[in-house]
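These notes open a run of structures that come right after.
Two complexes come next, and they have one chain in common, chain A, joined by chain B in the first and chain C in the second.
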Partner chain A sequence: MSEEITEKKNDSNWKPLILGILCNWCSYAGADLAGSSRLKHPANLRIVRVPCSGRVNPLFVLKGFQKGFDGVMVLGCHPGDCHYAKGNYYARRRIMLLKELLQSMGIEPERFHFEWVSASEGVRFAELVSEMSEKIEKVGPFTGVDCSKVPAAF
Partner chain B sequence: MANEVETKIREEAKKLLESGEVTVVIGWGTGSAAFKTTPVFVEKPEDVEKLVWNPACTNNLAVYLPQVAQHAKVGIVVKPCDSRSIVTLIQEKQVPKENLKIIGVTCPGIVDDASLKKAGVKLSEVQGLDWDTDCVVVGAPSGKTKLPITDAVKEGCRTCTQRTPVISDVTAGSVPAVNPVPIEPMEGTPEERRAYWAKQFERCIRCYACRQVCPSCYCAKCFADRNDVRWTNKKADTSEAWMFHMGRAMHLAGRCVGCGECERACPMELPIMQLNREVQRRVEALFDFVPGMDIETAPALGQFEPEDPDPNEH
Partner chain C sequence: MARIGVFVCHCGTNIAKTVDVEKAAQAAANFPDVVYATDYKYMCSEPGQNLIKEAIREHKLDRVVVAACSPRLHEPTFQRCIAQEGLNPYFAEMANIREHCSWVHEDRGQATEKAIDIIAMLTAKAKRNEPLFTKEIPLTKKAMVIGGGVAGIRAALDIADAGYKVVLVEKTPSIGGRMAQYDKTFPTLDCAACILTPMMVDCASHPNIEIMTYSEVEEVSGYVGNFKVKVRKRAKSVDASKCTGCGVCYEKCVVKGLPNPFDEGLGTRRAIYVPFPQAVPNIPVIDRENCRQFTKGKCGVCEKMCPAGAIRYDQEDEIVTEDVGAIVVATGFDLWDYSKLGEYGYGKYPDVISGIQFERLMNASGPTEGKIKRPSDGKVPESVVFISCVGSRDDEHGYPYCSKVCCMYNAKHALLLKDKLHDAKAYVFYMDIRANGKGYEEFVRRTIEDYGANYIRGRVSRIFPEDGKMVVRGADTLLGQPIEVKADLVVLATAMQPQPDAKDLARKLGVSTDQYNWFAEAHPKLRPVEFLTAGIYVAGACQYPKDIPDTVAQASGAASKVTGLFSKDALTSEPMIAYINEDTCVGCGLCASVCPFTAIDLVEVVDRAKSTREHQVMRTVARVNEGICHGCGTCAAGCRSMSAKLRGFEDTQILAEIEALANVHS
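Showing the complex of A and B:
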């Protein structure tokens, strides 16, 4: 994966590479609906299907950034809709905190997106991916968390 | 000032050991220099003279409890921050409460060699340390110097809002009148912050001393040691260190009591507490939660409210 990322960065036609961590019951089904409805969205999303947004270990997101993804999105069922009753409530606390922590660590807010997408929201899913992709394109490629790759400002 | 408390600690320890209520009392003892103390395990009543209390009692002794107090009755001397660690350990079922006898001490703030150096103290000349109302008194051959507490103590002690133990069987000392300094959020543009942290983590040698010394890091198998899922590689690489520290910060989110032991133990002087404080500042803002205050309350990320901050509103 990391080689693919490096190649992408050197490409003049660079397009942001996004890691999508999607809950099986709502968001993944939403993505599926977007596909079967022939909706168009940028093809630069790599989807990881998880049983529930409550399964999303913050380490998944961190690993994504460490490996150089330009953005990470976590999608789950709307509050109250969780297949496991309360997985997304736990996820909400965890991921909201992670979102803020990433900002403290200097990862631009545009690069991380946390959202609820239900199985019927295929259109919304396609919009979200397009929006996020556009936002990241403006911010530019993610240069990593390594010292050698980020400009020395201090 | 510290003397009366020290006497009280020794009295209580002696009582506990003589009555057989505990088999060991864990406390601080005289260290290799006047500005250091060392953990001591007192097993005989006649050895209670080994216990000391002064501004150098930095160790969070709660770190020993998951190993020592699982099947034995243990007495332990704790500062307010250490008492919060004990609350966390009891809440997370790592230590049975009935096995503990807690001797609490009130705390005006602790110094360590780094904070003393920063305050301009020549460490080789330090002969003794004590508090005096809102000062740290440093004894030296040339006489005693008084330093304002906020100048001399560790950063975590400057911002500390808990000056009396949260949980204890007896408490020694009066409530100190020290005003905490507010925690400042991190400044700079995202790029500057990312560069700053990359520069810090570049120094990390991943000795994991920060983890070993932390009472909240008790996992039998740490994510950093796992090789079935390799969250962090062994490679000496900044991004791997970043992964470790970020993972650790998230694991401690809503559980870190801010005792500052990780930063003290770090041989490379990484600002680990700056990261932990930043997480705690956000935990408080998001969930109005302070860790280690109540043995009935689950950690911030182990519970939820239907009204929690929602991504749609942020």
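Showing the complex of A and C:
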């Protein structure tokens, strides 16, 4: 375990740092709506804008964990609402596989979320960020891949 | 090495209140490749933009990061700004520290820290931005208007008058929409038909307008300037080219007494019908669910009687594909079903009706020929109670929003009632009177003061029948006492709600709706008549409850957007599209199989490594058809050899954003 991570684990002021990868048309707009509606939520999320959840290479999620994020959320348009017709369906397939991979690496399922958020769901967006922050606060800081946390099924 | 300038906006106090903008700018100055960072009160203002331009000149900046609002709001503004200094517009990035930061956080320390993170991410992305170039794409100068109410009619006429072809698609057998059902319009008491019918006729006779009634949009593909819309023209069972509109068929039709939706169930029609006498086009349709020829397999009366030989029982639905450059959505509204309300009798009392039904009772071409008679026994009412906000401003049963028009039409109904039946009493139960339009407040005052309508502030808790009357029991909150009115007729101002198939249409079009399923405009103030999907516009009450003046104004607004689009000879395409690195592509075709737009083809190229001078060896690679690619990036995420890439959202850019953040925190 690197010094930096040990330091983070022991810091009593630790707050989760979450990476959000949001599609431009629905979820990023939903986050904008949460903003213009002044819906307060924890300041733990950092957002990367992509055109479509279909653009999300699972590598981006892994890179997030590699670089020390405590959690990653990928948000896209609801099924049927994709600006590009079906990019979100491809995202869903990839992410189902990715979830298994993360588990097999010993990364707790609470740390990774894939949800649909539409442009009108500012409230839902703010709630999701709050919920995810709480969940990660419970599991604690991410301190790297831990083989002892791999479920028996793997 | 890039030379990045960072410009942190205060947005008045919108950002500066919760984010220490000076500190953010100072922190940004230390990020890799940042050579200049500053903050300013309003970056989007002219002095703000000049500040950016001067800094580009003075510090030889080649990338600009503006930390301000959402890129969905002002990215084009700053792209134009830096383009004026000769930079490629796609060298501008926006760090969203308002919607995603200052507006949603209260702790100044945390918000400032987050803002600095966001700037770090976008700075790292900007460093890796490549110059991007738009391309010209052709455009079809023909528009489609969906919905033939007053909004659709106005929009179609405006576009057609500007010299462009328009296809007007209407679901019902006639254009006219809701307005055709009304008797008079507030606040001028113009006869609705006198305003609308000439417009309907103009539409029908306009050389640039093609009307498709009894038709629905099935499928929409393509993009701005080049939409392909499949329209299902439902079988009318009448040959429109032969029908003269004489009306013999529906006079002779033997299936009588079917409820006419145009009369809101108060009047009847036959199995072959035109919904109302002024219908445009004046061509009847056969209701196949009730026509005896279709249900019993024998009848043929209309066919025998039709002097023009226009009846076609074997007619089938027809699917036509229209190529259009722009689409106006003007599908209007529906009305809330008050039968959910037990206190108003679950819709079971015939003398408790909705506002639109009262409108039909007053209309000269309505079921009673304009004589106000109550539905149960045809009695001319001596007292009528009008109730506001039925389903509107009612979180519990209906909708939290105000339907905007009910205060005014209640006043109109009360006034017209007193005008037609001088001795009748009009009571209006209201929560507030919202009369905020030109001449509106004066109109309500006239109803109360000159016509003597009795306005009671309060809600009605129960309606029940007693001795042939409807007893309306409620509270007068101004007097602070209960009140009971015995009425012959009760008229409910039911809430406006989205069309039941609005969400479905939104999906076909690829546009958004809000939480109620009203169509969602791109921006309520900056782009009120446009959707985020380019080339699609919105008009009328399909967006939100609106009255006729607002609807018509917006329809003209949408039409002027369309004609603005059509005034160009070609459109510029977004350059954020996919491309393939053919050197590393192995031709597996995965990208082609996942592309939602089939924009990727597999092509044969010469394999230079294996070819000799005498013998050419070919290999397969993927190639993006730039005219079709929409830039979703599904191919880039799926490519096994990382050969499929997306301009503007390259792997290197996205990974750099993630890494930059890690660097700030380490």
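Annotations
By definition in this document, the second predicted complex is superposed on the first by the 134 of 154 C-alpha atoms of A that agree within 3 Å, B and C clash if a C-alpha of one lies under 4 Å from a C-alpha of the other, contacts with A are read in each partner's own complex, and residues count from 1 in each chain.
Keep in mind that, in the parts below, a contact is a pair of C-beta atoms (placed from the backbone, for glycine too) under 8 Å apart; a residue touches a chain by one contact, two chains touch by 3 or more.
Please read all numbers here as calculations on a predicted model, not as lab measurements.
By the touch criterion stated above, A:Leu17 is placed in contact with chain C alone, chain B being left untouched. In the superposed pair of complexes, A:Ser133 makes contact with neither chain B nor chain C. By the document's definition of touching, of the two partners only chain B reaches A:Asp146; chain C does not.
Counting the residues of chain A touched by each of chain B and chain C gives the higher count for C.
By the touch criterion stated above, A:Ser118 is placed in contact with chain C alone, chain B being left untouched. In the overlay built on the shared chain, the residue A:Gln103 is in contact with chain B alone; chain C does not reach it. In the superposed model, A:Ser27 lies in contact with neither chain B nor chain C.
Contacts of A:Lys63 after superposition: both chain B and chain C are touched.
In the superposition on chain A, contact is made by A:Tyr90 with both chain B and chain C.
Applying the stated touch rule to the two superposed structures, the overlap between the chain B and chain C interfaces on chain A comprises residues 58-59, 63, 86, 90, 94.
Across the complex, chain C meets chain A through its residues 70-73, 96, 98-101, 103-107, 110-111, 113-114, 117-118, 121, 507, 510, 512-515, 520, 532-533, 576, 594, 596-597, 630-634, 636-638, 646, 649, 651, 654-655, 657-659, 661-662, 665-666. Only residues 58-59, 62-63, 66, 79, 86, 89-90, 92-101, 103-108, 114-116, 144-148, 150-154 of chain A touch chain B when the two sit together in their complex.
Partner chain C is touched in their complex by these residues of chain A: 4, 15, 17, 19, 24-26, 28-29, 31-32, 34-36, 38-41, 43, 46-52, 54-60, 63-64, 67-69, 80-87, 90-91, 94, 118-121, 126. Contact residues of chain B toward chain A in the complex are 185-186, 188-199, 201-202, 223, 231, 237-240, 242-243, 246-247, 249-250, 253-254, 275, 278-279, 282-283, 286-287, 300-301, 303-304, 306, 308-312, 314.
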